[in-house]
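Which chain is which? They are A, B, C and D, in the order written, and residues in each are numbered from 1.
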């Protein structure tokens, strides 16, 4: 019937439109079918092996970072995280050590031969950060800080981009496109939970986002289990889910003494907890052939 | 200081209150530390083994159900699902075959020696349903239909309770309590995704709910991967995540010919897809010792 | 160009499809352009005049209801609300007086010549309720209890249908269609806030839903300011917004002594507060010419 | 009883804690009970009079802005909006004219003796923007771009701060505190809808946020009806609600020819629509005595 033909045209139009749009994006798997490998000091993120990034929420002192670095290195972990510039809801909360924090990270990285990742919150800090860190993290609150994305896209340094507090997957992909459109394809996407009505967890880990992002883009995908849940007791089960669903890696916060941490004390693992956690995960980690 | 003592009292008060409340619930693990086993025709849900419940979204005909039953049985699956009373957003959508649907399920159950589960939507149908089905499903839209919960609690028949469209975990647990407070402890909780702003999936699978529910209650917990995602391409990765995080089982929709299904055609697996799906999951399924 | 023509066809198809669907609904303004008037004991809801429905959250005693009835009547209000069957999150919270509550409402209605509205939670109660109340309320938790909707649609009694906790406007309209498709067009829609991530209010009042519902359907629309906000200090400003945006009326909870109320004590107005509230609203109420 | 006394202490502790926190904030009404007046070229926002800010979504040309300016001025409006730096989801969407856009705004402002407001998206642009605009707008996506907030707080120029896409009211207030803690108290808060599951509107206008913000802070509060709803047909009813609930003003987008607008074409008013809209609102606008 006429009506049917009309509907078919309509459907074809819809598909055509959607296809066109995705095809246009540089981060899209339609544009580049093979996986992008992000090279961080020789660690090849996205090569099929599953990895861990751990470290304290905030850099507080050389001793604190070094202690976590030693524990991480002992476990074979190569990438350390630590916040120097902390975006905090209140201006009166601890704002991080700033450049001094980056210097501590650099010193620890050199001493332990680790790569370090730290959040940068404004374009003006990007240049200076290049001297100290191996990966620029762009945090959830800045996922649509487009000037920051463009600045991170204009330098030769891997970027870990966190999903916004309430960003759709489509917005997340477009944020990555802002970076890649400036010439930098060394991007790791990081699911870190989204804001919902549920209050049992700090955010709701959107685990389905992992296979969707892997399917829609050619970029590696991490899961930050600490910020997704905000609960120490959920770090192990959610990390298992992340590994099982095919994430390229898991990020978690580790602190020598969480009870006195200057931020996020309720959700960081102490070192013995971290070792137990990792040992329970190791049997299921995919190792590259 | 005085202020400190005061704060301690305050915190103690907070904990006391929360503890009191959880302690009071019959479904709480504080009330009963050991796992509840739900016995469905000899299948002991919650005994540590991970199981599957599959079947069509809606019962459409004897042939349709029998075909899925044969495929399920071949794979060693013991529990079949199928909707007879379908709660649909529009009154003009297919509403299910009603009692005739239950009769089809019963006939197939007998012929294939399977247990069957079907949704009941109103207290008046509970009695009649007892003759036909092995598990009463209470759907997401009825999670706070308290009269239905009470009616299901008053009979001797296992109940699979789905989380409401936008229910908190706490409300979900209280809904189970409505059932158990009437004397029926044979309850399976089923996470099936929650409503969020994200539109890439039909609902957002709240995978963290699984360990929280296992921790807070003594009841077995399933994950319905079909309704969580609404996408056939996500059934495999999300099922892996559900098994890895410790769910007692996974529920998914299977239809002999999804493209002509009277409901949810976009998200059901055809039989060969289902077999492939299950084969990929089997290596990671926990089998009871 | 060809592409343009194609896009035009596509757009036309989209509009056609949407139009078709809305046209089919009996509650749609496309089906019936003029406003439906719901006649409640002579009060003609939807006639352009803005009205109030007040009363306690739960019926607790004859004296309690009578006291509110007297205050309401003094202010010219003709419709009293009061819950007899209370759907509560926990089975251990006060569940309402049941039929005894309906009898109290009936007695007060007769003595004060008021109409009364009360929530019915299961189809089996509908018949009995007809003897006692003038309007059947279907609550948020039961907005997609389709058997209840159908039962309410099959009797000759006005229905006040509340929007579900996390229902879309489209689902809300379809729920009303379940009632009207059974023959009952005496339906008042009631916006009562939706579930969001915001915790400053109990729910988030979706004020835009009012003009959308007025535009899409021919049914009168009320706003329940008590459940939308859950805060006594917001009852006045939100009622002003509801009246200004064109609601047919406002519903609010009034209790002789809120501090001892058996439910919702934090959000009900005491009688003097209620009188002050109404006096501040009166100048802006639209009165029918 | 002991238990009761304990609970009372507990409650008191809770209140004390909350009170303490709010008291500390400079933007809090507890810190400064009287309303803050934001002086924009002599317009005293927050003085009790309700005002309008209108203009195109994006500055496209001198002619376009001048045409809207003429229409606004004719209606007695003193403040014009227009985007020069446009934060867009996709890097391939129109990004605004940048500094050229600010120059156009400045020229129009001078010719028509209007004040102009425009969004600034990164700290590095703040200094330059001071020469061209009268109010710095900080957009929803940058509500927690803390470096931008601090930069805006360090200059002597009024700031209009929009609520984040999914920001809580508490986070919104803290974002304002970032500005004020740097010395700038000339802040207008702007509710612009929040992200929810509802798709009938672009965002969900959280109208209750207006009285809460007025109560919690001493800052003036505007409502952006265009971005809240994303629907031209809702601009009038939502503006009525905003005025009725006590907003200090309403912001809306006006474009000489919305159908060819480079952004947001579906939601801007053409000039005759704008005049009709304003005429319907004028009778209810509160004018300062």
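Just so it is clear, contacts are C-beta pairs under 8 Å (C-beta built on N, C-alpha and C of every residue); 3 or more make two chains touch, one makes a residue touch a chain.
Just so it is clear, the model here is predicted, and its values are computed rather than measured.
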Return the chain pair with more inter-chain C-beta contacts, choosing between A-D and C-D.
C-D
Based only on mean CA positions, could you tell me how far chain C sits from chain D in angstrom?
32
Starting from the mean Cα coordinates of chain B and chain D, work out the distance between those two points in Å.
45
Can you list the chain B residues in contact with two or more other chains?
166, 170, 195-197, 199
Determine the shape of the graph in which chains are vertices and touching pairs are edges (line, ring, star, complete, other).
complete
Touching chain C in the complex, chain D uses residues 166, 168-170, 194, 196-201, 204-212, 215, 228-229, 233-234, 237-238, 240-246, 284
Can you name the residues of chain A that touch chain C in the complex?
6-7, 9-10, 13-14, 17, 166, 195-197, 199
Using the touch definition up top, name the residues of chain B that touch chain C in the complex.
24, 87-92, 121-124, 141-142, 144-148, 164-166, 170-171, 174, 177-178, 181, 195
